[in-house]
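Look for subunit A in each of the two complexes below; its partner is subunit B in the first and subunit C in the second.
Then we have the complex of A and B:
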């Protein structure tokens, strides 16, 4: 059933091939601009609190991979709050499916698949790939994907309990904005927040650090946090669904 | 044998962001039972609680009180099991993939319903013939008109041969011809497939052309439940005629016809169909008067509901 859902979502994204490749290409160019920014920046500044150009490009490779998969393949993760608040879950709930996995896989955003492609290429070019580093990059990215998806589902599901889904949008923008910076530029309470309630550090910085220098404690922290946010997302959505109030707008999920 | 049973079904929505405001009671203690193979029109004006009722009966919403069973399952506790045995079509929602042709969407839905490929393919062919829509199945959904899309949505809903069909305002937004065609299809599905039909609407014509039994709700309360034939005799015993004349027609005086508005160029008439047939009135008007244009419409639902409230209680 999930395979059929994925097939449908990709087939729909692929239906207009010209548009598909245009979006993928535009996103890759956008990511390239970021790389250019960091190269120019580190041309003037050798390093920022231990982060040099190589580490930052690795961070960016992991971030684009993680964000690309979450926003591209699980595209509804970002839209969940709006879907719940606007009562757009009716069609999904009319099918004999588990609503959360079905929703997450129901829509693919072609543009963000450009991020995935770019992330892989950037890692190949700047991540000094070796079998061990590739393995850590893949496993670390998977942990980041689980964590980011869980986080977005959690904040999106708050819409079941009140508001118009704005918590989901705010959470989405905040975590992606902060995940793109070397985590050590932050300190004190802010840094604590990035490892806990707004786990931006765990989305890309920690997986990137693990690729450079594997550490069992950091890996355990990442795996534990990913599991906690996955569980939190599932629980918030499941409990929230009981409070779903539906709506009356013409749309699709 | 009852396939749908509702007992004191109630739904209250909290008003978000307003601490002092009272919650909205969308459905207030509705009870009814539907037998296998029935065709029910569940009607009421906008905001009466029709969609809320249907969403509780399909497990989409959890009720605030009361209980219900559909095919012996409690919908909100066994939503997935129930969804495999019923079909749900919302007039404002789409189950199909917008960029893909319906046939591709049917294949994906077939997999979701666990239908083997050859069974799904055969079923799609059957539905194409039944709904006269086979030529639409290979056109991307985004290129279909609303009426064509609704026929494809109906096919998607029927793919897994549901025992009960819940249709929530399926004719909303359709033009007259598309509405008529859709109603005919629903009746045919009931006759050919034996599916029980439970259809919400605020269109009086849906009652007359689709249903055998009508349940009316207003402000969340069930106010009428009877055979359509009984309703036709009592509450739908009038039709409205609007006539435009080429020149002043003089006095219009016909038995069983009441003139409600009159000018030199037009008139509005109410026909008591228990006294005189519409065909007879139209023939007479066209024969005797200089008619430029003429139309027949059903009384608005609000008028039917007023008549229900005004009718003497048994």
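Then we have the complex of A and C:
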């Protein structure tokens, strides 16, 4: 059933091929602009607290890969709050599937698949790929994907307990914004926050650092944090669903 | 008559946006997060470069970001996409029935929507700036930045309508939105002061209209007392309005041919 859901979601995104490629191309232009920004920045500033142009491009490759998979393949992860707040889950609850995996796989965003493609190409061009670095890039990206999905599900599920989904939207914008910058430019309480309640540093900066300099302790912490956020997302959604009130809206979610 | 519908469109939009407290709070929260992040990045860059980058010290860079982000965050981020959808779906045909020009009414409404958000962002940015790096480097520059922010928004709205008008021909302005947004980010100096660019690129960027949309108020608030920049903004506002009028006039004629 879940496999059929994934197939259906991809077929829907691929149905209009001209639009699909237009969206993928537009996202590539979007990502290229960020690369241009970092090249201009590091043309003037050689190194910022241990981050040079190579390491920041590696960070950006991991971020676009992670965000591309989460927002492209698990596209509903960022919409959960709105779906819950507006009572749009009825159609899912009537199906013989577990609601959370089905919801996450139900929708594919073509534009964000462009991010996945761009991330891979950027890593190939600027990440000095070797068998070991490719493995670390893939494994680190998977950890980032699990963590970001868990975080978005957690903040989105807060809508079951109150509000109209703003927490999910704010959490989404905040974590992606902060994940795109070298974590060491922040200090004190802000830096602590980026490793804990708003784990932006763990989405891309830590995996990128692991590709450059593997460290067992840091890898263990990343894996542990990913597992904790995955569990937190599942628990918040499951508990929240018990409080769900139908909006009598029959949508495809 | 013309002055009356412009005033009504602006004041109605101001009232509508001001009444949306939740939306204003989200705008402010997002603005503070962006300014805090970019100011931290540029402060680290200044520290790594011996105290200043391209003539801007850490305080000047922080105030630069306060203004450059206020001029862009205050705007409806999906404006081009929204206009494109209205054109592509034919919904804009209904607006042609009103006894007021479609473009003028839409632009006046967008200015009205942006003004309350601009006021909130500037207030939030001022508090953040004073608390972290002290007052703006120049009081005269700060005074000039106020009209520059309003002109920046007007230029941006006019340019977005000109870009979105492409939907009369291609029926979907989403890709135009992506391209436009990134031009403002980089060529407009929103993320990075134009002086940081290599000399050849600076010359190109300074000849483009995007600097009127973010760089000019940011440059003034960072301490530069250059009133001629306001004249440059006024020039680009006239050009961009004329361009938007030309695109919409041609597009509306085409829309009638298609049938709406």
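Brief remarks follow.
The criterion applied here is as follows: the second predicted complex is superposed on the first by the 249 of 253 C-alpha atoms of A that agree within 3 Å, B and C clash if a C-alpha of one lies under 4 Å from a C-alpha of the other, contacts with A are read in each partner's own complex, and residues count from 1 in each chain.
Quick note on the criterion: contacts are C-beta pairs under 8 Å (C-beta built on N, C-alpha and C of every residue); 3 or more make two chains touch, one makes a residue touch a chain.
Since this is a predicted model, take the numbers as computed values, not measurements.
Of the two partner chains, neither subunit B nor subunit C is touched by A:135. Shared-chain residue A:33: touches subunit C; no touch with subunit B.
Contacts of A:12 after superposition: subunit B is touched, whereas subunit C is not reached.
In the superposed model, A:245 lies in contact with subunit B only, and not with subunit C. Using the contact criterion defined above for the overlaid structures, shared-chain residue A:41 touches subunit C, although it does not reach subunit B. By the touch criterion defined above, A:178 reaches subunit C but does not reach subunit B. By the touch criterion defined above, A:169 lies against subunit C but remains apart from subunit B after alignment on the C-alpha atoms of chain A.
In the superposition on chain A, A:186 contacts subunit C only, with no contact to subunit B.
Of the two partner chains, subunit C is the only one that A:25 touches; subunit B does not reach it. On subunit A, the surface touched by subunit B in one complex and the surface touched by subunit C in the other have no residue in common. Note for the complex: subunit A touches subunit C at residues 19, 22-23, 25-27, 29-30, 33, 36-37, 40-41, 43-49, 166, 169-170, 173-174, 177-178, 181-182, 184-187, 190. Residues of subunit A that touch subunit B in their complex: 1, 3-5, 7-8, 11-13, 15-16, 88-91, 93-98, 162-163, 242-246, 248-252.
By the touch rule above, subunit B contacts subunit A in their complex via residues 13, 16-17, 51-52, 55, 58-62, 79-81, 83-84, 88, 90, 92-95, 97-100, 104-105, 108-109, 111-114, 140. Those residues of subunit C whose C-beta lies close enough to touch subunit A in the complex are 22, 26, 29-30, 33-34, 36-37, 40-41, 43-45, 48-49, 53-54, 172, 174-175, 178-179, 181-182, 185-186, 191-192, 196-198, 201.
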